[in-house]
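Shared between the two complexes below is chain A, which has chain B as its partner in the first and chain C in the second.
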Partner chain A sequence: MTLFLAALVLWMAAWWLNTRIAGSSLASSYVGRTAVPVVFGLSVLAIWELVVRGLDVPQVILPAPTVIAETFASETGTLWIDFRQTALKGAISGYVIGCLAAFAVALAIDRSTFLRHGLLPIGGFVAALPIVGTAPILVNWFGFDWQSKAAVVVVMVFFPILVNTVQGLADTAAMQRDLMRTYSASYWQTLLKLRLPAAMPFVFNGLKIATTLALIGAIVAEYFGSPTRGMGFRISTSVGTLELAMVWSEIAVAALAGTLFYGAVTLVERWVTFWHPSQR
Partner chain B sequence: MNRVLPILVVLAAILALWYVAVVPMNAGWTIAQAERAGHELTFVDIVADTMNQDRPRLPAPHQVAAELKKTVLDTKVTSKRSLVFHGWITLQSTLWGFALGTTVGIGMAVSIVYSRTANMSLMPWAIISQTIPIVAIAPMIIVVLATLGVEGRTVPKAIISAYLCFFPVLVSMVKGLRSPGAMQIDLMKTYSANAGQTFWKLRLPASVPYLFTSLKVGIAAALVGTIVGELPTGAIQGLGARILIGDQFGNPLMIWSALIAAACLAGALVTIVTVLQSLALQRMGYAR
Partner chain C sequence: MSQAAAIEAKNLDLTFETGDGSIQALQDVTLEIGKGEFVSFIGPSGCGKTTFLRVVAGLETPTGGEVRVNGTSPDEARRDRAYGYVFQEAGLYPWRTIAGNVRLPLEIMGYSKSEMADRVNRVLELVELSGFENKHPWQLSGGMQQRASIARALAFDADILLMDEPFGALDEIVRDHLNEQLLGLWDHTGKTIGFVTHSIPEAVYLSTRIVVMSPRPGRITDIIDNPLPRKRPLDIRDTPEFLEVAQRIRKGLRAGQSYGD
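Presenting the complex of A and B:
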């Protein structure tokens, strides 16, 4: 009970600290903007630890963060193998193939107004569908190894990127296109120098949505059959044997991988679309 | 007409491609069967056979349509073989998750708009929460809630859909609640309106267009969440469970018909929200 009360006190102290930082001159600086969420995150972790220990929550319901950290540290070998199988082989290869394919198709249909009017609404609709459901079919077609996971990822990332790219390519103003025409620029020159750069903010919007979808696809596909490694495989088997610390370690890996992947795409975005108002 | 024609043409093209793909996908089995029986097959025989296999690798569209007719129209709605029954199970969790996610999203948006501390603490974590693949957490939520004594699967599935659904609502509600300009807020001040009045009479109405845009994304995300919640967890009821069972029993027709049903459900839900949106916006006097 004392630990539980300590958690409450800690919560209020952390919130008070954050309010102080948010109200001070630090709030607009980089330090302040990083410190506040970090303090918040750490206090949540500490409260989790205190509550689990204070209320004697059984390990099969919620392991304490320190227990998870121990498992994480002792199982790094397994976690790395799973990460390589799911994230590097399945998700990344599928992401690259899916993005390139969607991009190529977008460029192709962009040349025809008819196709654009036909495909855009359908693509938008398909992008909202539960495409993860195709995972068992694709696992059946491409076998248990990472190829089938990559295939699921391709299908999942294809439509968001297609729709965003087509929209982006249509984003130039008539004035700008006319200007290119007065320069007597060819189709490819207009594409490379005007329309593709103008489309990049949209493309990156799609690429960022797709990072999360890629990991989801690769993990779900493993629930339908995989070699004896991979994050989805480990999660489903560990849940079965109630080794929740292992499950949480895999979740931590998935969270880290997802955040890093998203962060990497955001960095590239900042570098490519430095001119866009949202980046300045 | 000009807008519908391209869509119809593209849909027809997809259907045609599907039929064309059926032949090479299923031909292997046909040829193997014929060899075993010692038959010679002409091309026409192969094509005819690939269209009507019992367990095709890729079922032909008319097979899926027949399966849908069988499980939707010809089966009693209460039967466990009826897709309407499974769709209803999925719909329930989707709506619960949608309600929960929307409430959490709006609540967080209000606290973020009104409290600088909440804004700085919560917003980065809300973004990070969406980069975590929810499917990693889904099986655990279900097991943990089961050990806690929560009966049934509606609650865990609803939590998973809420997790996917709250974020778009949060982001647009923050935008929407902040959309009134300094002029409008100043006007409220000259009326000596208090914080509550400014919220109910200015900020909330101003955020409604933003809210509906995000609800369309949110309801689709909630459905995806429910199906994700059904897929990896050995559920026996719901569209995701039909996909799972179809996979386990090697019945591709079941998987495909459940997928089509899920697509129809998604379309119907988004359409309903769109209709509500135009009704509400008309009522509130937003020019359309």
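Presenting the complex of A and C:
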């Protein structure tokens, strides 16, 4: 009970500290802006630890953060193998293939109204398919290894990229297109010098949405067949053997990988679309 | 039609088909603009002044009549880089620097790297934007942006400059300054300029000839030869000659305008 009370006190203290930081002159500085979420995150972890220990929560329901950290530290070898299998091979390759394919189709759709009316609805139809339905089929087609996971990821990221790119390519003012016409610019010149740059904020919206979809797709697809490694495989087998600390470690890896992936795309976005009002 | 004309329009008609009926944007417009002239088009909105400029630029296709630019069709003239077009908005690409924006037409037309650099420097100097090469458009004021867009239209040395209310969105002070600059630029480059405006003082101050137009259907109601000398200080706008021309424009505008609807 004392530990539970300590959790309450800690929560109040952290709250007070964050309010103070947010209200002080530090609030707008880099230190202040980093300190608030860090204090919040650390206090959530500490409260979690205290509550689990204080209330004697069973390991199977919720392991304490320190237990998860111990497992994480002792199993880094396995976690790395799983990460390579699922995130690097499955998610990233699927993401790259899916994004390139969607981009190419978007360009084709943009050139032809026939394709716009034909392909866009099919894209929407594919996007509406539940992953638990498509994943087993794709595993059947492409085998247990990462190729089938990449295929699932391709299906998942395709539509958001497609829709955003098509919309982005349409996002130029009539005046800007007229300007290119007065230069007698060709289709490709107009595309490269005007429409693609103008589309980039939209494209990056799609790319960012797709990062999280890619990781989810690659992990879930492993539930339907995989070699004896991979984050999804490890989660499903560890749940079966009640090794919840391992499950949470994989979740931590997934969260870290997802955040880094998203962050990396956001960095590239900032570099490419520096000119957009949302970035400058 | 004479050979010296930069722009010749003969019995030009243009009807737009819209959802609720057709709109006659231009009716029987006949006009000849000689090389080196500065011609302003003035009239209320809907009088077809912008449409006429767009027809000359080949951005619209007339439904009747004929238009020749440097003795060729507007499309050919465009391929010959015969004209630069300045829109009401500067329309600079925000992802390009000022120099990059001015370079845009040159890149499309395939100039060499050194030639591009030379021309960009020269036209930026012409519009007094030297030193701003590496700024992005959003870092500049509206007047400077519009000057950059004029530099962009000048970069490939077209003989004809078509300007569609280029200073319409700017405040009076900036406008006066740019008018002065434009006049100087016209004076020492000898370009032919077609200039759409709805400011009477601007039209009188700048032009050698003023074309007064009226709407429904868009047509020419008066063409005024401007008697003012080529060199025009800003305070010429207080002289009786200036006011006389302005008055005639105003009368022309009133005559063409039916306030019944």
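As a convention for this text, the second predicted complex is superposed on the first by the 261 of 280 C-alpha atoms of A that agree within 3 Å, B and C clash if a C-alpha of one lies under 4 Å from a C-alpha of the other, contacts with A are read in each partner's own complex, and residues count from 1 in each chain.
As a working rule, a residue touches a chain if its C-beta (ideal position, glycine included) is under 8 Å from a C-beta of that chain, and two chains touch if they have at least 3 such contacts.
Everything numeric in this text was worked out from a predicted model, so none of it was measured.
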{"item": "Which partner, chain B or chain C, touches more chain A residues", "value": "B"}
{"item": "Touched partner set for A:176, first chain B, second chain C, both or neither", "value": "second"}
{"item": "Which of chain B and chain C A:184 touches, first, second, both or neither", "value": "second"}
{"item": "Chain B versus chain C as contact partner of A:193, first or second or both or neither", "value": "second"}
{"item": "Partner chain(s) touched by A:275 [first = chain B, second = chain C, both, neither]", "value": "second"}
{"item": "Touching partner for A:232 - first (chain B), second (chain C), both, neither", "value": "first"}
{"item": "Residues of chain A that lie at the interface with chain B and also at the interface with chain C", "value": "none"}
{"item": "Touch list for chain B against partner chain A, complex", "value": "2-3, 6-11, 14, 57, 116-117, 119-125, 128, 130-137, 139-140, 143-144, 147-148, 217, 220, 223-224, 227-228, 231-232, 239-240, 243-244, 246-247, 252, 255-256, 258-259, 262-263, 266-267, 270"}
{"item": "Interfacial residue positions of chain C with respect to chain A in the complex", "value": "57-59, 78-79, 81, 83-85, 87-89, 91, 93-95, 104-105, 107-109, 136, 138"}
{"item": "For the chain A and chain C complex, residues of the former touching the latter", "value": "173, 175-176, 178-185, 189, 193-194, 197-198, 200, 273-277, 280"}
{"item": "Contacting residues of chain A [partner chain B, same complex]", "value": "15, 18-19, 21-23, 27, 32-33, 36-37, 39-41, 58, 60-62, 114-119, 121-122, 125, 128-130, 132-137, 139-141, 211-212, 215-216, 219-220, 223-224, 231-232, 235-236, 239, 242, 244, 247-248, 250-251, 254-255, 258-259, 261-262"}
